[in-house]
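Have a look at the structure below before the remarks.
All chains are identified by letter, namely A, B, C and D, in their written order; residue positions are counted from 1 within each chain.
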Amino acid sequence: MTTTAQPAMPHEVTYLEAISEALDEEMARDERVFLMGEDIGPYGGAFRITEGFQKKYGEWRVLDTPLSESGFVGAAIGAAMMGMRPVVEMQFADFISCAFDQITEVAAKNHYRWGAVVPMVIRAPFGGGVHGGPFHSECPEGWFFHSPGLKLVAPSTPYDAKGLLKAAIRDPNPVIYFEHKFLYRRLKAVLPTEDYIVPIGKAEVKRVGRDVSVITYGAMVHLALEAADLLAKEGIDLEVVDLRTLIPIDKDTIFESVRKTSKAIMLHEDNKTGGIGAEIAALLAEECFDCLDGPILRIAAPDTPVPFSTPLEEFFLPKVGDVVAAARKLAAY
Amino acid sequence: MTTTAQPAMPHEVTYLEAISEALDEEMARDERVFLMGEDIGPYGGAFRITEGFQKKYGEWRVLDTPLSESGFVGAAIGAAMMGMRPVVEMQFADFISCAFDQITEVAAKNHYRWGAVVPMVIRAPFGGGVHGGPFHSECPEGWFFHSPGLKLVAPSTPYDAKGLLKAAIRDPNPVIYFEHKFLYRRLKAVLPTEDYIVPIGKAEVKRVGRDVSVITYGAMVHLALEAADLLAKEGIDLEVVDLRTLIPIDKDTIFESVRKTSKAIMLHEDNKTGGIGAEIAALLAEECFDCLDGPILRIAAPDTPVPFSTPLEEFFLPKVGDVVAAARKLAAY
Amino acid sequence: MDVAEMVNDIKRADLLQMYYYLRLTRTLEDRITALYRQGRIMGGVYTSNGMEAIAVGYASALERDDIIAPYHRDMGAFLIRGITPGEVIAQYLGKRTCPTKGKDGNVHMGDLKRGVIGFVSHLADNLPVATGAALAFKIRGESRVVVTNTGDGGTSRGDFHEALNFAAVRKLPVVFFCNNNQYAYSTPLHLQMAIRDVVERAKAYGMPGEIVDGNDMAAVYMAAQRAIRRARAGEGPTFIECKTMRMHGHSEHDSAKYVPSELLEEWKKRDPILKAEQLLTRLGYADEIVFREVGERVKKEVEAGLEFAEQSPLPKGPEALEGVFATDDEVKP
Amino acid sequence: MDVAEMVNDIKRADLLQMYYYLRLTRTLEDRITALYRQGRIMGGVYTSNGMEAIAVGYASALERDDIIAPYHRDMGAFLIRGITPGEVIAQYLGKRTCPTKGKDGNVHMGDLKRGVIGFVSHLADNLPVATGAALAFKIRGESRVVVTNTGDGGTSRGDFHEALNFAAVRKLPVVFFCNNNQYAYSTPLHLQMAIRDVVERAKAYGMPGEIVDGNDMAAVYMAAQRAIRRARAGEGPTFIECKTMRMHGHSEHDSAKYVPSELLEEWKKRDPILKAEQLLTRLGYADEIVFREVGERVKKEVEAGLEFAEQSPLPKGPEALEGVFATDDEVKP
């Protein structure tokens, strides 16, 4: 799909197309924005998000790189410091491990250390459920959750995908943008015609409920919403908080929800130990302890790599039933 | 200092010497054990832990590597799979970011994926308080807390330093051994003459107390013990749990302590957000909720890189007063 | 050096066996491709179509105790090391009878008992690992050798550099093959590196390098033999660039429109199986009848393999939890 | 090419200015070393003693709008870009008036307004960054150039490889200097690489390379000029190996016993200041009187700098919390 810079009328797009539109519109709006990555040029990227972009913006704004994640992330940092707005694509989020050092030691710390502004975005297609196995399904957000200086976002809808990517590109800091591969072509929505952003740092209550708060992000938002529908039938009213931004954490929205429901479930696809759910649970146990009326439950993948074979991966990924069971337990608490 | 393979009589050693002894004794005991790292040969390593080793064990068991953390960690993985027991030294833990990909993607996952056994140890001199600034003071344990397949240990005393390093070397899995630079020459203890290990996976109550549990590791154990002395004078009886092993987590010891005290403080030198304290707090909030009689407090470094200048670093690091204040608050809860 | 003459030194049986493996590879991968098109395979399918001679050539030159660390276009090497067509298909189908028991997919097969280090998606990650395996042999004074392979794209990664440098400094018994098939996914060689021959890279390490016709199994075999002999004699590593062409898309979902069709036509004429048949005919070692027999034999073997794989059980969900850590009984104490 | 003749093309004023910077560097670093020995400096002290001509030479060849990404033995380059001796000492003392406001120490100074990219401890990390800065210039069609430097040890890291490769493929306006002082900490060149001249590395990237006498400021300057001219003309990157010798320990706490004393004696005769004085005398541009005057001038400047630094305030503790994230007003919208 080749997008024009500003869509003329309301139109339905997939999550993937929303990402593509955000890139296209930002490139048209701001000539400092340019793209780097493997196979993003004539090929349009492994997921075809930049298809047609090189024709439209030229070889120097849609740059195929050698196979070297550390090298091109480092290059993005340098270009960003010179006033550009690079957006780099990891072919799969999993390969971000190769650029870990540049991200955590250089990009994250430059502003703190000597005031250099590093406005750049790393797009990281992440997550399982796509038969990718241990190296094409990872949720690496936990690795970066712990490196002051980075912002992390993870949209769950086409609307948020577009708005958060635009916000990330306009942000003066390094932002890792986790886009969930499972959602690419599974979600569609009609987006506004006018330019909009989804502000970084704001969670959103995706479903208002009274009884139990599920705090989640990415593909798991939809699992939570499904569970909410099932639970509604038995009179349990789930509130679904979509973090959208992982760092900085929107404590206000989370706390407000849990103050209302007194019950909290952390839900993520990432491994349980050391996941983002742990931090949110810890924040609640520290700052909202008195409002809690039951244990803080966590639903997450077990502490293993993502297995390949279908029965293994199905077992590994959190399921609607897990959310239902946890909510029932808390509701009865 | 050149150690002999088995010390002949009880003797006092520093934390640093304890590490050195463990390496020496394991090398003497098991010829599969060998060392790799930068400047560990004739020079004896940046902290002189392997001084005299190359003379004793030869150039091929005490190997100076090129300046390439990813390369020599990868090499350790290969050698381990061929039946060796490599121990690699990071000159400073901070540089482990350069080997992140090898550790998380190769070392951590090989056994799960195809049954390959990777018995290796990465020694990582970590922590602040040594005027090292943002690149020589880091606590990188949080990054690896989230990679199933790795074990992480962090001793706080000479006894544990020796025993845990021996256990790590004998373990059939990749183990990251976080040795705290601040403790190197500040602690001394008389160690047993006979061979011993400190089992991986076992926390230790370093001070038995009744009122509040402080759960901590590394250099912060001593901060907690200091706070305990102060608090004892005002009748607050602190229990200090030293995790010693960060992964796998010894839930039994932690839970037992908090079941007794009903009050818990997480204390670490690492940045607060996404630190190990978050996971322990989350475990408590999930599995020990009913025994909690107050919020779970966290004392940790703020979410910034480690600053260089003394007043900044002092501000940054957790202080005895922080523990005292938190314990008072909980005791009065 | 006249390849045509030297070929007389290769035993007839060896050449015939290589031919057999070329055919087995082709037939097996074609079958897997067909299964993929029928939607019976989850995940990606990467084949060595048109490049079979490289893996077949190098793996044929090894002794039983040697080790390979293959990459994703080395099917022939897996087969020669004894991984059966049935296991390969089982791996693609995620069955419990494959080398990873369903934990990992496609060409990520590893089995140390058969001397195969499992492939890691992250390209070039296994080069330091291969170097480390060679280091173990060197330390123990064994005369074993490691052969590894990478694509042209993989040579751009830092781990390539760190591995080759370390291997050269320590004169380790490892041979680095490079499959230069002129593309890395959609990225042509000139956007990957500013040199025409990948072998130029070897100079940076003071490592001998040579170029061979990657479509000529005998040429690859002889080059491998020379390099392996050097390695075994303690003379250190060698870099061997195999010129070839990727004849399919990067993976089976890629139509590879970015490859000029003339290029494919030209290389079609140099098909490694065709070349092998011409050689065998010229040497009088085999004729059309033999070729047909081999064709029938491999077809039967592949069909038998398919049957084995299809009848193999899938793993059960909870097996996903197994094997994160190795246990003591898996290693000698 | 006769260096001795070409030197006539360099303006007298330029040579005298370089000489001044050699002296300023030496005097400043000697002063810092003395402060270190008095225990007045926390953290490490890394000097360019005996290697001053490299940074002075390359930085003198640049235009105002060009950018440098220096490494830890490039004091002369910092000074030439306008960082004052006072700021340098303030940085070592952790004062608020230094380029990092006390957040970082020693040579980790960065200031984009003066065209200096801040050094990162992790060696070679700034090479991809320098490449990226050059990429920004190329994309925008500016004629600016980036010069960066690395030690011989730093060339072993993967980021070196990825940076040089990318720069060469895209013909970016960046010049890669290498300070080959024959050691990386205690590791001699032959354990770092299996080549005698680091410049061999350039061949792997199809990049022109040359060797210069790193102790000859004029030779370095002219080589830099040639490479910068090429870069500015769009002809791509150059690699320049400067042969030199580290005359002190790795840092001031290292007595460097591992360096043969004959080597030091030999290189002492080639001291860059001595060489510069011989040159200036031979050309009739200066004499003993001038040398003495310059010596007095730099001494005064350094003492004034020390006074400035000592009188500068330390940062206040809570400033540790500032600057993790950049704010919108720091960038153009």
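Throughout what follows, a residue touches a chain if its C-beta (ideal position, glycine included) is under 8 Å from a C-beta of that chain, and two chains touch if they have at least 3 such contacts.
Remember, predicted model here, so these are calculated numbers, not experimental data.
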Contact-richer chain pair (by C-beta pairs counted) among A-D and B-D: A-D
Farthest chain relative to subunit D (centres taken as mean CA coordinates): C
Centre distance in Å when subunit C and subunit D are each reduced to the mean of their C-alpha atoms: 45
Centre distance in Å when subunit A and subunit B are each reduced to the mean of their C-alpha atoms: 32
Centre distance in Å when subunit A and subunit D are each reduced to the mean of their C-alpha atoms: 41
Subunit B-subunit D separation of Cα centroids, rounded to whole Å: 36
Residues within subunit D bordering two or more other chains: 100, 103-104, 108, 120, 122, 156-159, 161-162, 165, 169, 191-193, 324
Junction residues of subunit A, two or more chains touched: 66, 68, 70-71, 94, 97-98, 101, 105, 109, 112-113, 134-135, 148-149, 303-305
Partner subunit D, residues of subunit A touching it in the complex: 34, 60-61, 63, 65-66, 68, 70-84, 86, 101-102, 105-106, 109-119, 148-149, 151, 170, 172-173
Contact set on subunit B toward subunit A in their complex: 94, 97-98, 100-101, 104-105, 108-109, 112-113, 134-135, 142-143, 145-146, 148-149, 247, 249, 266, 270-271, 273-279, 281-282, 284-287, 289-290, 292, 294-298, 303-305
Residue ranges of subunit D in contact with subunit B within the complex: 42-44, 94-96, 100, 102-106, 108, 120-123, 153-154, 156-158, 184-187, 191-193, 258, 314-321, 324
In the complex with subunit C, residue positions of subunit A that touch it: 38-39, 41-43, 46, 64, 66-68, 70-71, 91-92, 94-95, 97-98, 131-136, 302-305, 307-316
Of subunit D, residues touching subunit C in the complex: 156-162, 165, 168-169, 171, 190-195, 200-207, 236
